[in-house]
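In the two complexes below, chain A is the common chain; its partner is chain B in one and chain C in the other.
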Partner chain A sequence: MEYRQKLFDKLSVEQVKIELLNTAYGNDQTFLAKLDPRTLFIWYLFFGFAPWFIHNQAILLGMFAFVVVMMLIARSSPLIIFILCLGLLGQGGYLLLAAWFFGGDLSTIMPLLILTMKLSIISLASISVFTSMDPEKLSDGLLKVGVPGQVSFSISYAYRMLPSLIEEYHHVFLSFRLRGKAPEKHGILYWRSIAYFVKIAMLSFYPLMLSTSKRARTTVEALETKGSFFAFNNPKVKAIKLAHLTFRQRDYWFLTFSLLYVISLFIFGILYS
Partner chain B sequence: MTTEQIKIEHVNFKYPGGEHPVLNDVNLTIQKGAFVAIIGGNGSGKSTLCKLINGLIPHYYVGDFTGSVTVNGLDTKESKVADLSHHVGYVYQDFDNQLVRARVLEDASFAPLNFGHADYKERGKRALELTGLTGHDEEFIWQLSGGQKHLLALAGAVSLDPDILIMDEPIAQLDPFHAKEIYDVLKMLNEQHGKTIIVIEHHTEFIADYCKEVVLMDQGNVIWKKPTADALRLVEQLMERQIFPPQVTQAAFKLDTFSNKSYPITLSEALGLFPNQVGEEVAAHGPTNNSERAGRQSIVEMEQVSFAYKTITRSKKTVLNGIDLTINQGDRIALVGNNGAGKSSLMRLITGLVKPAEGKVMVKGKNTRECSPEKMADFVTYIYQNPEEMFIEDSVRKDVSFFLKARKVPEYEKIVDRILEQFELTSLQERDSRLMSGGQQRRASLAIGVAMNPSIILLDEPTANLDIATRKHITRLIGTLKDNVEAVLVATHDMQLVAEWANRVIVLKDGHVLHDGTRESVFNNRELLDLAGLNPPQIMELSRGLNMSPVCYTVDDFVAAVNKQFGEENNDGIQTKII
Partner chain C sequence: MSQIQERYVLTSSQKMMVFILSMSLYGLSNMITELVPSAYLGPIEFSIEYFAFIPLTLCMLFHPLYAAVGAALGEVIFGEIMLGQFGGFGELEKFISFSLAMYIAGSLVKDPRNRKQVGIAAITGVIIHQFISMMVDIGKVWIGVEELEAVPGLAESIVVIEGFAFLNDVLFSGILFALLPTLYLVPRLYGKIEPLLGMKPRDNTMKFSTGEIVTPRLIVGGIVLALLSFFFEFLSETDFNVEWEADFGENFMWVSIGVSAVIAILTVILMVTRKGKNTKEGMDERKVQ
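What follows is the complex of A and B.
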C-alpha cells in the first residue's frame, strides 16, 4: 500500500508537469546552459550523428564516457534518465534473450551491444544538449541559424502553453474519476484498473481539443495586435532580438576541448586496435 | 482636454456567416483622457464595439462593414492593425491566452521587440513598473496568480505606450481586493498619464467609484453616453436590460422619498442622504451557532488536517495547516477568504482527489485516505470553478447521465429528465456544453452535480465570471440545492451570495480557519472582515454605517426597514423628506 502510494505520487500528472518544466527551463545555471546555442548545435552535430559511422569500440567507449560527464554537468532530470535507462536495459535484455533463443553466443551479442552503445551516446548527447537549452534559447539559436521566425516562435509558444494544457488535461482526467466508476476488483496484476486508467487517459484528450481551438482565437488576435506577424521575418527585429547571442571565451574553450578530446580519442582508438 | 480621440460614425457590422448585424448604425465619440465604462446585456455588441477601435474589425474579422472609425486622426480602414497598436492597447477577458511568452519581462517587452524598438527591454520594464509588477521580471507566467497575470496582460498592452487602453471585464475573476488593485492601476494611468481608458464592466459599484462616463449598448446600438452619476440614476432603463445599478442606488429608487431622482451612487454619498439611526450598537461578536449545530448528523469530519503540494521548483508549499472542521446535515456553508487562502485545496481534500499530509478527513464515516475518488463520488460532488473542465461528453444530456449510467442506476433516464427540468436545460439537452454561454454552462455543471445524488455538494466559485442577472439566477438555483442534498459547501468571493444564502460562514486565511460562525458573526466583525480581505455587500455597509439594527442583507430588507421607520416617525407627527 505504502509503496503503491509512493509510486502513484511519482507518476501523477502533476509530477510529470513539474519534471517536464524543470527539464525545459530549470537548468539555466549550469556550465552548459551558459554556452551559446550555436556551440551546442555544433557539438551536437558531431555527437548526435557521428556514432552511426564509428565502429571502433574504444572510440565509442570514450565518447560514451564524455557524454556521461556532459549529462552530469547538465544536471538532467532524474525522471528522464530513469526512463532512458529503462529503455536501454529493456532493449539490451531483449536482444540478449533473442540472441540466446536463436542459439547465438557472446559473439552474436557483441554487435548488438555496440548498437545499444551508439544509441546511448546519441540519447545522452540529446538529453544533455536539450536540458541545457531552455526553449527560448533553442528558438533563438534556430532563428540565428536561419530557421524561419514562425517555427522558432512556435517552439517557445508551445512550451509556454504546455503547463496550462497539462493542467486542463489533469482537470478533465479528474472529472472522469470524480464521476466514473472504477472496477470493483483490480484483476490479475491490476489489469482491470490499468485498463480503466488507460481508457480515461485517452478519453481526456478529446475535450482538450475544442478548448484549445477556443483559446487559439484570442492568442492569434493578440499576436496580430502585438505585431508578431510583422516581425517574424523582419531582419531588423531579428537583429535586435538576437543581439544577446555572442560567442564568448567559454564557447571557444569548450569546442577546442571537445575537438582535442575527440582527436586524441581517434588516435588512441586506431592505435589500440 | 476636449479633443475627440475616437470617432465612430454610422458603423454597421455583421460577422462573416452571421445572420444578424452585431452593430447597427453605431455613433459614438470619446474624448481624450476619458474613463468610460461600456455596459449592456450579453450579445449587445460591447466586445465588437471595442474591436472596432483597435482595427481588428474590419481587418481581422472581414465581415460586412460600413461607416467610418477614426482613432487619433487615423482612419482604421486605411491603417494596419499593427499601426493602430501604437494607439490602442487591448486586454481580453480571457487574458491568459494573451500571454505568449514564458517569462514575465519577455512577455511585457514582446510587442516593443516586434516593432523593432532597440530599447524593448526598458519599455517592457517601464510597463511592468506602471502595473506594479516590478521584481517579477524573470518569473514564469505559470507561477503568477490570476491577478498578476491580468496585470501582466495590461503591461503588455501598455508597453507600446498607447493613448487608449481597452479592458474587457477586468475584474470578473478576481476577489474584491485584487479587483480594486486593477482599478487603481487604471485610475493612475488615466489621471497621471492621461490615458483614455475604456472598460466593459458589469459591476456598477466599480463604475460608480472609478469611471467618468457610461455608454449603454443594447442589441447592437449605442443607446446613450452619459456622465456616470446621470447614467446610474436611470435605474428603470438599466433594470429593463438586466443591468443592476449599485445597491445604494437601487435602495433609493425603491424608496419613494427621493422625489427629484438625485439617487446616491456611492456608499459615501448614500451615508449622507439616508437618515442615521441611533439604534443600539450591535455586539461586535455575534453568537456563533455551535450550540445549534450539536446533535445533527455529521457528514464530513476533519481532524488536524494539513496539506501541501509540490511547486514547480520541487519545493513543498503548505496550503492548509491544522484544520479541525465538522460539516453537519443541513449546513449551507460559505467558505470565504482571499485568492490563495486554501479554499480549493480544502474542497479537493473532501473529494479524496488529494490526501492530507497529516491528520485525517472522514466523509460519511469513510477515511478518504483509504478510498479512491470514484468511491467518494457516491457521497461527494465537486463542481469546478471552470465548468468547461467538467464536460467530458458531447452533449448536456450525456454529461448529466454519465454518473448514473456508469453505475447502471435503473430508469436513470427519468432522473435525468427531472434534473434537466429543474435546471432549465431541457431545451438545451442535445447541445454541446462547451459551446453554450457562461450561465448555461454553469447550470449544466450544477445539473451534473445534482445527478450524482451526493450527500454533500462542493461548489468552487459558482457565480464567478457571470453578469449580474445570470448571477442572480444561479444564486436562486443554488438555493434549491438544499432540497437535493444534505449539505452544501460553496467557496466564493461573492458576498451577496454569502449574505443571501449561507447559514454558516467559514473564513480561511493563509491555510487556517480564522472564523467559523453565522453570517451575522462575520459581517458584524469589522476586524475580521479587514483581516480576511472581505468586502461585504454595499447595502450591508450602508445599513451598518447608519447604525441600523439588525444589519440588512438585501436591498429589499433595507427598503422595508427604512419604510417601517418612516412609518413610525410619521405617526409621531414628524415629517421626513429627503431632498
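What follows is the complex of A and C.
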C-alpha cells in the first residue's frame, strides 16, 4: 500500500515529467550500462526466448539465479519490480484457482510454478537489459541492428515533445473542466464523477488532434529542410552516427562468461535430473 | 522517378506526417491510460484498456498503414520505453497485432461519412486485436507448460479465463473507448484535419495498392479462419474427447521433435549471427578509422 501512496504522489504533471527523465537517465553508471547495446541484445536474445522451450527445473533455476544477479547489478527501480511481482503472482494465482475449479489438484501447482518462473526469467532479463540503456543508447543500438532510422528518430522526438504534449493536454483538459459542469452527486462508488472525468479525458483529444497535426506538419517541414529523409537510411550517415559503438574487452568477457555459465548449467541440468 | 508516379497516393513527407501525428497522439493517450488504476468487480475488470479510438479515427481518416504503424510504435515508445517497462519480444507481438488490427479496421472504411461502416470497422478492429492477444496468451501457457494435458484442469481454465477477458475487453473497453468515440470523432474531423496536413480528404473512390489484390474482407476472413482453426485444433488436442488420447502420444512426440528442431536452428542462427556481427564489426571499425 505504501507503493500505491507513492504512485499517487507521482501523479502531478510536473512530477510525471521529472520521473520520466529519471527513469530514462537515472542509472548510467552501472556495469550493464557501460556495455555495448549489441552485447545486451545478444544476451537478451537468449534469456528472453530460450526459457519457453526449457522444461528442466535445474536449468531454469540456474537461469533464474543469473537474471536476479543481473537485475541487482542493473539496480532497477523497486517500483517496477514490485509491479512485476504483483502481476506474476496475480496471474499465477488466478490460473491456479480456475484450474482447481475445473477439477485440478495439488499437482497443478508445480507446472504453474515452473511457468511463473519462466515468465519471471523473461521479464527480469528484459527489465535488467532495457532499464540499463538510456534512450540514446537504445535507439543507436536499434539503428545498428538494422531497424529503420524512423524508429530512432521517433524515440528522440518523443522525448523532446512529450513535456509540451502533456502540458497542452492538461490545458485542454482544464479548460473543459472550467467550461463544463461537474455532476452534483458522486453516485455509488463515485461512478458519476469517474464517468465525467473519463468523458472529458476523451473529448480533450479532439482539439489536441487538430493542434498536433499542425505540429506534425511543422516537424516534417523542418525535417525536409534538413534533408533528414535522405539521411535516415543512408549508410554513410549511419556510419558516422554510430562510430562510437564499439565492442570492448568487457563486452567479450561478459558474453564469454554468460555462455560458459549457460553451457555448464545445461551439462549439470541434464546429468543430474 | 517512382515517387512521381505514386504521388496521387501520398508523398513520403505526408506519410511521415501521418506517422508522427498518430504516434504522438496515441503515445500520449497510452501514458494516460497506463497511469489510471483499474477497478475490479469480481472477475470483471472495469479498466481503460486503451484509447483505441485515436488510432481507429486516424486510420479511417488517413492512410491506414502509416497511421497504424505510427500508433503501434507510439505505444511502445511512450507506454513502455519512457515508463521504463520495455519488454523486448513481448512488445514485438503487441506491435504486430495492434498495427495489423488497426490497419484492417482503417481499410474496411471506404467512406468516413458513413456511420455504419465506421462503427463496424471500429468494433472489428478491437475484436481482431483482442482475439490475437488472447490467442497469444493461451499459446504462452501452451508452450510454457510441459505436457499441458497431463495437468488436470489447467487447459480448460486458461481457455476460460482468456476467453472471459476477451469478452470483457471487447464489450467494455471496445464499446466505451473505441466504438462510441470513433463514431463521434470521425464525421466531425473529416474534412477538417486533412487540410492541416496539406492533403485532400479521403474519398470513397480511393483505393490502396494492396487493396486491389487482396481485399480487406479476404484478409479478415483468412485471419479469423486461421485462428479459429488453430483454436479448434488446440481444443481437440487438449482433449474434450477421450478417443483421441491414443493418438496423442504420437502427436506429442512430433511436437517435442519440432521444438527441439526449432531450438537447434535458433542456436545455429545465434552462433552465425554472433560470428557475423563480430567480423562485420571489426570491418566497420576499420573503415571508420
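Definition applied: the second predicted complex is superposed on the first by the 198 of 273 C-alpha atoms of A that agree within 3 Å, B and C clash if a C-alpha of one lies under 4 Å from a C-alpha of the other, contacts with A are read in each partner's own complex, and residues count from 1 in each chain.
As a working rule, a residue touches a chain if its C-beta (ideal position, glycine included) is under 8 Å from a C-beta of that chain, and two chains touch if they have at least 3 such contacts.
Only a predicted model underlies this, so the values are computations on that prediction, with no experimental measurement involved.
Touch criterion met: A:F101 reaches chain C, while chain B stays clear of it. Judged by the touch definition given at the top, the superposed model places A:E224 against both chain B and chain C. Touch criterion met: A:L119 reaches chain C, while chain B stays clear of it. Legend: residue contacts after superposition of the two complexes on their common chain; A:S258 is shown touching neither chain B nor chain C.
Once chain A of one complex is fitted onto chain A of the other, the partner contacts of A:G48 are limited to chain C, with no touch recorded for chain B. Of the two partner chains, both chain B and chain C are touched by A:Y159.
Contacts of A:T30 after superposition on the shared chain: neither chain B nor chain C is touched. Once the two complexes are overlaid on the shared chain, A:Q57 sits clear of chain B and of chain C alike.
Number of chain A residues touched is higher for C, counting chain B against chain C.
For the contact definition in use here, the residues of chain A common to its chain B contact set and its chain C contact set are 135, 157, 159, 210, 214-216, 219, 221, 223-224, 229, 240. Per the touch definition, chain B reaches chain A in the complex via residues 54, 56, 60, 81-82, 84-85, 90, 92, 94, 96-103, 106, 110-111, 113-118, 120, 140-142, 156, 309-312, 314, 351, 353, 372-375, 377, 381-382, 384, 386, 388-392, 402-403, 406-407, 432, 434, 448, 452. Remark: chain C residues 12-13, 16-21, 23-25, 27-29, 31-32, 35, 48, 51, 53-54, 57-58, 73-74, 77-78, 81-90, 140-141, 143-146, 148, 151-154, 156-158, 160-161, 177, 181, 185, 188-189, 192-193, 196-198, 259, 262-263, 266, 270, 274, 277-278, 281, 284-285, 287-288 touch chain A in the complex.
Interface residues of chain A facing chain B in the complex, by the touch rule stated above, are 14-15, 18, 21-22, 25, 134-136, 156-157, 159-160, 163-164, 168, 171-172, 174-182, 203-204, 207, 210-211, 214-216, 218-219, 221-231, 234, 236-237, 240-241.
Residues 11, 16, 20, 23-24, 38, 42, 44-46, 48-50, 52-53, 55, 77, 80, 83, 94-95, 98-105, 107-108, 111-112, 114-115, 118-119, 122-123, 125-127, 129-131, 135, 138, 150-151, 154-155, 157-159, 161-162, 165-166, 169, 198, 201-202, 205-206, 208-210, 212-217, 219-221, 223-224, 229, 239-240, 243, 246-247 of chain A are the ones touching chain C in the complex.
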